[in-house]
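Just below sit the structures, each encoded as structure tokens.
Common to both upcoming complexes is subunit A, partnered first by subunit B, then by subunit C.
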Partner chain A sequence: MPRFLLLLLNEFKLARTALPIHLVAILQPTLMYLLMSPSLVQATFDMHVIQPTTDKERALVAAMREVGSPIGLPYINPIVVSPEEAAQMESSTFRQIVAVESRDGVPTAVQRFSLIDSNQVKNLRNRLTAAALRLWNEELGDAAVTIEEHPWLPVDVPYTVYFGMAMLPMTTFLAAVFIGGILTAQDFEFRTIAEFRLAPIAPVWVLGARLTRLVLSAFLSAGVLLLAQGWRTGFWPGSFWRVGLVLLPVAITASSLGIIIGLLFRRSIPSLLTGLIAGMGSWILGGAFGLTAGFGGLYEKLSRLTPNAHAVEMLFSCYYGAQVGDPPSSILALALFSVGLLTLAFFTYRWRVLRQE
Partner chain B sequence: MKRFWILLSTEVKALVRDPISVLGGFIAPGILMVAFGLLFGGRLTFKIAVFNHDSGPWGDVLRQTIGEVMSPFGTPYYDVPDLPEDEAWDAYYAHTIDGVWVIPPDFSARLESEQNPNIEMHFSNYNDDRAKNHRIYSTEIVWRFYEKIGRPGPPLALAEEYPRPEMIHWFPLIAVGLVLLGVSLGGMFNIFLLTYKEHLARITLEYGLAPCSLAWVLLPKVLLALFMGLVTGTALLLVVYLWVGAWPGRFLWAVWLLSGLMALFWVSVGLVLGVRTRHYMAGAISGVFGGVIVFFIGGGLAPVRQNWAEVIWPARLFPNTYAVDPMRDLVLFQAWPVDWTPTFLTLTGFALVSLVGGMVLTARQLRRLG
Partner chain C sequence: MSSAIALHSVTRRFGDMVAVNDLSFQVQSGEIFGLLGPNGAGKTTTINMVTGLLRRHDGEVHVLGFDPQVEPRQVRQRIGLVPQETNLYADLSAVDNLWHHAALYCADLSVVKERIQELLQLMRLWERRKDRVGTYSGGMKRRLALARALLHDPDIILFDEPTLGVDVQGWHALWEHIKMQQTQGKTFIVSTNDMMEADALCDRLVIVDHGRAVALDSPEHLKSDLQRDIVTLRTTPAIQVPESVFTGLGIEAVTRIPPDQLRLEVSDAESIAGELVTRVVAAGRLESIRIARPTLDDVFLHHTGRALRE
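And now, the complex of A and B:
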């Protein structure tokens, strides 16, 4: 045990030789989250509308203000502009403008779109329909069809909560795979590996010390992101221990993978690129933007091959208090990933380090 | 001039000997393109189950309406697979379908007698954006349903006008943003890696001792990096062409011009990093993540012009934000951007400031070493 502790201490001392790499690997995902989360999804859309002059137009603007979630945010922020202002505005400065006109004698809310994509057209169209339907329903009275909402959760949870939660396995994975890959490759580049070859100690201790240090670095990275996410959204996981337990196999998998990559390439640049592909690929394929089951098809099938998808489903209950996916199979998958990669790392180490002059 | 060619050929040889920097420009955009293609390039619908318990005729009409109202994606808002009730509820709780609508037995009776007919909409709101979509999609269905069953017309009819005859789809728009990301990273990685290697091999020391202007040393590097950025971007443009059929055609030169000006900004950043950084890996990771962040916040997922108010201020410090929409005009519509001149001037400004600043800083660093 004292040997192991000395090796572990040595591993931590090694961090001083690559401090910038550690800082970037640990902090960059959090920076990414803080910068990306405000611009990814917005529930409330600004919608330009020509200054109302009739009761119907005023009613439309009032209805636009009412469109929204009964347990969340409003969906429309109407911005009233005069016809002169609208004429002066360049079409490139607004997404759409609503003007009530008479068409064939029928008062019509005309939505004029700028050059925007189908997703924004959809969002703006749906919002205006929702406002206009309110007026129609008012007129129909008891003949109107009511949609009784039965949401799954008592409140609409901001998208940034899911996005941050899905970044937790990603930051854990990236920190471990980057640091593990680069430091192992540097052992060859700086010839430190010769010392390991000559050391009278079983490789399992050397690998164990490196893995422990990588797992702790990965946890540090995830901890920083978790704090940033909580600070940004006000949503905290129900149990920090459970989050740690879910991230542990991800950290072991990524640490083992990082070591394998470093051992195979023995050069830091290819190790970095391979780690990047693995980290970003498993983040995006592993439910980075929404539960993989919701996307279905090939995407969902591929997602099962990443530890992230399983970890995200396991983390879900910590944040939402509700279960998704199949926890036993996710636990099994994460266990298999960790044990499989760990074993592979051990054998690769023996092959690359101990059997080579 | 001979000196210039010698240095340029040296840089090219260094690149050929170690071509791994070429990958730097492809990896992040490549992964993102595949991922967004899988996520948003397919059939964008909500899958819901509809249980029609109605004993009258109107439940069927509503059920049909749900499957036929089309979204701007060119697909219906909802796909309604036929599932037995218990399977559908299981699928709903497993999140493999997005919602369940229940039409009650007395729906038609209440509709005909005007006694507050209602339907139940069960949906997941773990993500407020999807919950919002459920709420606002359902209004499209009810609107169409009223029209189909001949309700008295709405107090306000709805109409739409578009600037172009065809809809601009989402994935191609994202793909053009990824081409710009490829140009940025392709140029930056090239100069960063080659300069860093020279730095490690102490070749920069020789540069620092050179009796002539360091512009002769830096210019070939910048040109090669610019070329590699454009090669990366063009290769990604070809992928976009094969995937979604968009190609700038006769405006290819304009695409190269805009993306080249933008690349010069990143090349200068890479140059400074290459001579100053002591840790290649930290610089490389920062470069990739920096590029990806700029892609996301600088209009990678939506047009910038019409969303300028939502563009956060850090994004306004990067040329990608200004280049992305004119690039989309050129690539997706083969149309000349209305804001060509201001865009060109802005990008030229970014390129000049960055290039002069980058070269001065690099030259000072090299001379200091010398």
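And now, the complex of A and C:
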């Protein structure tokens, strides 16, 4: 055990040989999350409305306030502005302004947009339509058709939570594959690999220490993101232990892959690039922006070949309190990824380092 | 003395190229044994076969009775390697580099701390122990690499080109350290292409050329075995047909050293020195003359027909 701890300590000291890579691997996904999350889909939209002067206009603003999720947040936050402010719309940050104008004596809600994308236009238009529908239903009385919503989950969870949750396996993967790749490749570049080649101790100690160090680095990266996500959204996983257990096979898989990449390429830059492609590819395919089960077809089949897809489905219950996918098959897949890559790393190490040439 | 390392008819090929060809020698325990030869002679290949890093294609290698190809772990526990290119972690300190080695090689970790201090003090690196190795001079790096190779107290140290990248002032310090370790009972194999280093350091050496052993003995014996002195002279103009000038003087061999020097091998230079000068002066203007005992370079030249540096 003292030998293993010494090997582990040495592995951490080697961080000094690639400090910028460690910083990028551990902090970059969190930074990306913090930068991207404000621009992701939000439940409540600010919608500017010109100061109401008639009962109809006041009723529209009231209806806008009522539009929302039956179990969560309102969808519209009406912000009343003066006609003078509305006139300066082009030079303001308003995305749109609603004004009630008379068209042939009929009150008409006129929605004017600034330079925004078509998806936002659609979102803002739908929300105004929902508000108008409430007014219409009130006028129709018994003749109205009422829509009832029955959400699957008991509570609304913002999309930023899903996005962060899906980034947890990604940052775990990326940190392990990045650091594992560069540390291993650097040993060839520095020629320090000769130290490992001639070492009389069993290779399982050497690989065990490196893998443990990579798994801990990957957990550090995931921990930083988890804290940032909780701070940003106020949502925390139901069980930190369970999150750790789900991320563990991802970390083992990626650590093994990083070592394999480093052993095969023996150069830092190709190892980093390959790790980046593997990490980002696995993230995008593995449910980065939505559950893979919702996509179906070839995309879903491909996504099942990444550990991320299984990890995201397993993490889902930690954040949403509901299970998606098939947990036993996801557990099996994650176990197979870990054991398979671990075995491959061991044999690659024997082949590239210990083999007598 | 018992044999620490024994090579018998060892051959190693890389594709069609034979790097080591039927090489045999024995290294006795406690001696400093040299592998002397030009670059590409097969010295590093030989060292790598002794460590077990490379497989041999023919012959036998035994290190303290173990075959490195069959029992690599037993061999690795007993050897220390200082490779040609110093392979230290430049961003770590000397102490951290040694701890890294200790975790991989030292059987008893409880004595490592004291041993690191002892070795760093011995190699005069203790004051700089916490500095990044990247800031060390070439000589300091080689000394640290030697300290690292000694850390797990091996019986045999294989030192590939000890003074490569070391300034002249650092050479003697390094040789001193190697000799000091020899007094502690360590066996060294030193590979070098520097005859001065081989002469100063080695108890015995094998001269290797194109993977073959061309001579094997102590430096003194190798030189005295030539049984001749070396006369180097420079004239203006250069002597064009030396054979006609030096007839009857018992010259064993004449080699032209461009642009205007001649190198003569003669059994007893002192006895013909007067006549030699007379004939040279008659042939032209004598600029310089030097009579010397043979060096290892002369031994190499004698056996291979070319200088070690060529």
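One rule holds for everything that comes next: the second predicted complex is superposed on the first by the 290 of 357 C-alpha atoms of A that agree within 3 Å, B and C clash if a C-alpha of one lies under 4 Å from a C-alpha of the other, contacts with A are read in each partner's own complex, and residues count from 1 in each chain.
By definition in this document, contacts are C-beta pairs under 8 Å (C-beta built on N, C-alpha and C of every residue); 3 or more make two chains touch, one makes a residue touch a chain.
All values derive from a computational prediction rather than experimental measurement.
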Contacts of A:Leu60 with subunit B and subunit C, given as first, second, both or neither: first
Partner chain(s) touched by A:Asp156 [first = subunit B, second = subunit C, both, neither]: first
Partner chain in contact with A:Leu198 - subunit B first, subunit C second, else both or neither: second
Comparison of subunit B and subunit C by subunit A residues contacted: B
Partner chain(s) touched by A:Phe173 [first = subunit B, second = subunit C, both, neither]: neither
Touched partner set for A:Leu298, first subunit B, second subunit C, both or neither: first
Residues of subunit A at both interfaces, subunit B in one complex, subunit C in the other: none
Residues of subunit A defined as touching subunit B within the complex: 18, 20-21, 23-25, 28-29, 31-32, 35-36, 38-43, 46, 56, 59-60, 67, 69, 71-73, 75, 91-95, 100, 103, 106-123, 125-130, 132-133, 135-136, 139-153, 155-159, 162, 178, 182, 268-270, 272-273, 276-277, 280-281, 284-285, 288-291, 293-299, 302, 316, 320, 322, 324-325
Residues of subunit A defined as touching subunit C within the complex: 2-3, 6-7, 9-10, 13-14, 16-17, 190-201, 206, 356-357
Residue numbers on subunit B that touch subunit A, as the complex places them: 20, 23-24, 27-28, 31-32, 35, 38-40, 42, 47, 71-74, 94-96, 98, 111, 114-133, 135-140, 142-143, 145-146, 151-164, 167-170, 173, 193, 277-282, 284-286, 288-289, 292-293, 296-297, 301-303, 305-312, 314-315, 338-339
Subunit C - residues contacting subunit A, complex: 51-55, 69, 72-73, 76-77, 79, 81, 83, 85, 87-92, 96, 99-105, 109
